[in-house]
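As structure tokens, here come the structures.
Common to both upcoming complexes is subunit A, partnered first by subunit B, then by subunit C.
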Partner chain A sequence: MTSLVTAGARSRALMTPYAFLLPALVVTAAVILVPVLQTAWMSLHDFVLFRPKDVPFIGFGNFQRMWNDEVFWISLGHSFLWIALVVGFQFLLGLGAALLLNESFWWRGIARSLIIVPWALPSVIIGLMWTWMYDFNVGVINDGLLRLGLISEPVAWLAHPDTAFYAVILALIWQGFPFFAVVVLAGLQTIPAELYEAAEIDGASRFQKLVYVTLPSISEVIATALLLRTIWVANSLDVILVMTGGGPGYATHTLPLYAFLKAYSGMEFGYGAALALVLTALLLVVVFIYVRRVARELSR
Partner chain B sequence: MIERRSRLARVVQVEIPVLAIVLFALAPYAWMVITSFKPNEEIAQWPVAYWPSEGTLQHYRDLLARTTFAGNLLNSFIVAVGAVTVGLLVSVPAAYAFSRFRFRGRRFLMVQFLVVNMFPIVLIIIPLFVLMRALGLLDTFLGVIAGHSTFAIPFSIWMMTSYMNAIPPELDEAAIMDGASRLQTIRLVILPIVMPGIVTTGIYIFVTSWNEYLFAMMLSGQNVRTVTVALQLFIGEFTVQWGLLTAGGTLVAIPVTILFLLVQRRLVGGLTAGAVKS
Partner chain C sequence: MTKDNMTRKKGIGRRRFLQLAGAGALAAPFAGSFPAPAVAQGVTVRWWYHFDNPQHSPAELVAKFEKENPGIKVVAESIPWGGGNDYYTRLFAALVAGNAPDCAMVKLNNQARLVEMGALEPLDDMLKGWNARTDITEDIWQLNRASDGKQYYLPLQYVVLYLYYRPDLFEKAGVAAPHTFDDFLKAAKALTRDGVFGFGMRGGAGGHDHWGPFVLGGGANFRKGGMVSDKALAANRWFVDLGTKEKVFPPSAPTDGFRQIIDGFKAGRTAMTIHHVGSSNEMVEALGDKVSAVPVPRAPDGNGWTSFGDESNAVFAASANKEAAFKWITFLSTAENNVTFNGFTGQLTVTTSGMANWKLHPKRFVEASEQSLAMAGVLPDSPKTADFVRTVWPTNMQRALLGQISPDDMMQAIEKHFHG
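Entry: the complex of A and B
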């Protein structure tokens, strides 16, 4: 009898962690796992929303169509340029800001708080305020550049295919640089002062200290932040959607935006799902590298 | 760094560049707020008038009296509170399991919660729309909250696990020695200590849900439309009335800016753990 009881108690003890996890697993399965599986299913069908009864299986037809779809290749190209420019400049600006905010001056605390404001804002409002500033007729950017003599007549920043993409990119750089500033600053604060003292005794200049002490000490933090940021920026589409909706023409189409528009405006859920899957597959490489770094710390 | 810069060098090399960056960070925000207090004639004025000659609250009055904005604010609030509730209710127990037990599949499951947080939103949003439509949950609070729990849950599991890991296990053991059951230990020992972490996580979920646009747009209709969706629709509805739009933007942005400034310091640890979406 007693052995039965203990066996029961032991198996109950073994089950305890799973019981605590159960609610999270159930909800996550319902809102994430099921949708992802459904995406995979939809990508193999010609699923158009207003034709719900007629969903023929077309195998890899959607992917074949993508191969021959000029807009897919345009969007993919834009996505790469988008990631490189947005993440690159966010990083440089954030690194610069962090290095400066690590110096001591009397209003440092306020500056550190104020600089993160863009990060707190909803993307719709970011899109709105930048659209307003880029306005062709009464926008403050045209006004300022005219007064400075940098342009001779107002520019339709968001309506012109040559400028729209870069105009949106500037808004995204503005939105995301505080993330890098905060993360790098946290990293800078962990560098022991002794390292700088030693470098100074060796006669290192300020620039040499940056290159040989500061940057190597925070390289891990920077790598993690870059990976993470690449993933978010690659996925982000809301600011573009608000500012240009992908236009003019296809000038500001990126891959996630194209997938979204296909489903949302075009009602072609099958094709949209296939595009989303391709984006995921491309990103999986970055996610894999990132997750492996984080998982290393989990083994403890 | 160690060596002292002279006062002038500090002003030129540090303070002026910092001032430039702070201005860059704040200028678009400030421009939105200033525009919202300008009368319509001055908004349409060219060359641009930088400061309103006479501030007006007309846009705010119009926004609240003549549009659905007040209702949209309430909807956003309900959705955000719902997302916080769902997120915390399921993730605090899960975080406890990850922090206090070593069980088969622990690492695998933790990594999965990280990976799903990185899935492109388009991967989930398209089928979620189809699913919600089939379940009749489109344009309901439950539907939008379910959409927002896709990012609220993985995020709070990771945040809460790191907060719980910071509590020494000796505290639990002492409580068990004193005859407390597991649930008593959680209620009397763990929860009071992690309460600041729960508050931080909750506030961050609130801000993210309040700011969210794509799920809200896909899953809500007229009944539960949130402020972000409503603002975007104003652009089409009125032939871009910048006064109304900037007034709405200001009303939406100010509460979350304050909340975000309150919690950001305590979020830094979670940032590089990959949990914080931004």
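Entry: the complex of A and C
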């Protein structure tokens, strides 16, 4: 009898955490797992939205098509460059801004509030705003450069393949650097002043303090911010869609944008799903590193 | 036994759970959507519409209809247009999910797709009993008829694209408004100087309306082989050369969209562009009598082509209230109701009686539209047309204008898109 009670109590104890987790698991399954499985199912079919009654199973046909699709490779290449440049420059700019905002000056409070503005603006507004700033006819960038004598005639920034991609990247760098600034600033404020005092006593220069005290102290914060931002930037297509729609030609095509265009313009949901899955698989590597870090921090 | 091992023994550990949940949540950039439950409420008609100006509302027409038809309630749902992409993605998704409205505003470039999926209700039988049918000209009925000969679309409004030009700049350059391709080239070259470009070309989405008059008018067509005939290739080379060799397009042309061509023209950066009566009030407000319009130029052989910008209403086959829906859409296409409706959209009425006393646009632009009807055409009634408009044409046009592919490669790509 005693052993039965013990067994019952033990199984209840075993089940209790799962019962608490169940609502979250059900919601996660409904909003994440089911769509992911649906996407995987679609990727194996020739699913065209306007032919809902004719959805043949084609196995890995969509992936085979992708392999031979020039635009897929162009988009993939752009995606890597996109992530590296956007995240890299956002970080450098954000770090610089955070170091400045960590200094004390009388309008520091205002500066810290203002720096959030780009991050707080909706992406579509940012896309439209930069499109008009780059505009060939009435754009403020061309106007400014002409007045400064740096160019002799307006430049069609978004219409030329050599400049369009980098013009969009610049807009996104502007949008995202406040994230790094805020995160790094929060990290900087956790560094004990004693470390700097000790470094000063040892005769460290400003640069040495940055390299040997500041950066090591916030390396964990930086790593987490970099990983998170990589995931977000890799997924983002809103600003490109608004600014260039992927053009001119394929000059600003990235993988998520190409998947989006295939699905929502061509209505080829099967092929679009396959493209999205490849992106997901690539992102899983970054996600895995990120989740491992988070789990490690939690278990400390 | 360590704490970690103990956790593992009990099943999924916290770390593992977080890894799985986090991976799932973060690695799913594209999530599907869940179909909403279907609505069937007797004589309630759900109608989808889109107006460019969100401040306009069809409420006054709905109230009038409901008063005249006490048994029918109309729920008018404004759907974001988003260049057409948003609207049609929602419409197709709703149709697949079984939650489509009873009727909706639709354009011809998606008719073939809707017909192919069996989504549309043929209106032919119901139209036989509609007295106001003859108030819409046969030309407009014909343009809106599907390739299977059935009438799925009930015309609601239309525009015909014409050529805007700046009489003041033309006078200064000593050239006249163009009527032929040769006139057009001569004028565009004469006008291209001092930071002004002859023609504000739209290379972004929707720009096929600028290409069509010169290339479809010049001899290309959408039948098999029609894009790669000698005449078609020559017409396209001539058009691309306007940008790459003659330099009469602004450098921003490859990605310019509606807003850029209109603002460029208003700002005096371009001397000609192509659009329709929908922008005429805005043009006049900015330029007064320094803007006028003529039909798009014709080819040397006298042929011409311009885009018929259509908008109709259709009833969906899955609707439980087809007759009530039909009553509502015929109400919208009837004389004064149609005029009121076009007051919201800025386009032209499809009714002859409404057109007789038209006051919504300056006369010269309405006349240019009417004169253009003779050469107005529509893109092919094919499921591939929508993708041609949204991606195939802009992408290949942009690449050709940038010299990344030849004009002939562009035409090959269009031919391949339609005919494999």
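Rule of thumb we're sticking to: the second predicted complex is superposed on the first by the 270 of 300 C-alpha atoms of A that agree within 3 Å, B and C clash if a C-alpha of one lies under 4 Å from a C-alpha of the other, contacts with A are read in each partner's own complex, and residues count from 1 in each chain.
Convention: a residue touches a chain if its C-beta (ideal position, glycine included) is under 8 Å from a C-beta of that chain, and two chains touch if they have at least 3 such contacts.
No experiment lies behind these values; they were computed from the predicted model shown.
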item: Clash or fit, subunit B versus subunit C on superposed subunit A; value: clash
item: First (subunit B), second (subunit C), both or neither touched by A:A156; value: second
item: Which of subunit B and subunit C A:A276 touches, first, second, both or neither; value: both
item: Dominant contact partner of subunit A by residue count, subunit C or subunit B; value: B
item: First (subunit B), second (subunit C), both or neither touched by A:I116; value: first
item: Contacts of A:A9 with subunit B and subunit C, given as first, second, both or neither; value: neither
item: Contacts of A:V221 with subunit B and subunit C, given as first, second, both or neither; value: first
item: First, second, both or neither for A:V31, with subunit B first and subunit C second; value: both
item: Touching partner for A:V211 - first (subunit B), second (subunit C), both, neither; value: neither
item: First (subunit B), second (subunit C), both or neither touched by A:A198; value: neither
item: Touching partner for A:I289 - first (subunit B), second (subunit C), both, neither; value: neither
item: Subunit C collision site on subunit B, chosen from 96-104, 114-122 or 258-266, when both complexes are overlaid on chain A; value: 114-122
item: Footprint overlap on subunit A, where subunit B in one structure and subunit C in the other make contact; value: 14, 17-18, 21, 28, 31-36, 38-39, 49, 135, 137-138, 231, 235, 256, 259, 263-264, 272-273, 276, 279-280, 283, 287, 290-291, 294-295, 298-299
item: Partner subunit A, residues of subunit B touching it in the complex; value: 1-3, 5, 10, 14-15, 17-18, 21-22, 24-26, 28-29, 31-32, 35, 43-48, 50, 86, 89-91, 93-94, 96-98, 100-101, 103, 106-107, 109-111, 113-116, 118-131, 146-147, 149-150, 153-154, 157, 182, 207, 210-214, 218, 228-229, 231-232, 235, 242, 245-246, 249, 252-253, 256-257, 259-261, 264, 268, 271-274, 277-278
item: Subunit C partner contacts - residues on subunit A that touch it in the complex; value: 14, 17-18, 21, 28, 31-36, 38-39, 49-53, 135-138, 153-156, 158-161, 164, 231, 235, 244-250, 256, 259, 261, 263-267, 272-273, 276, 279-280, 283-284, 287-288, 290-292, 294-296, 298-299
item: Subunit A-touching residues of subunit C, taken from the complex the two chains share; value: 4, 10-11, 14-15, 17-19, 21-33, 85, 89, 92-93, 95-96, 113-114, 116-118, 195, 203-205, 250-256, 260, 263-264, 267, 269, 383, 386-387, 390-391, 394-395, 398-399, 401-402, 404
item: Interfacial residue positions of subunit A with respect to subunit B in the complex; value: 14, 16-18, 20-21, 23-25, 27-28, 30-36, 38-39, 42, 49, 93, 96-97, 100-101, 103, 105, 107, 111, 113-130, 132-133, 135, 137-140, 143, 146-147, 174, 176, 178-179, 182-183, 186, 193, 196-197, 200, 206, 209, 221, 224-225, 228, 231-232, 234-235, 237-238, 241-242, 256, 259-260, 263-264, 269, 272-273, 275-277, 279-280, 283, 287, 290-291, 294-295, 298-299
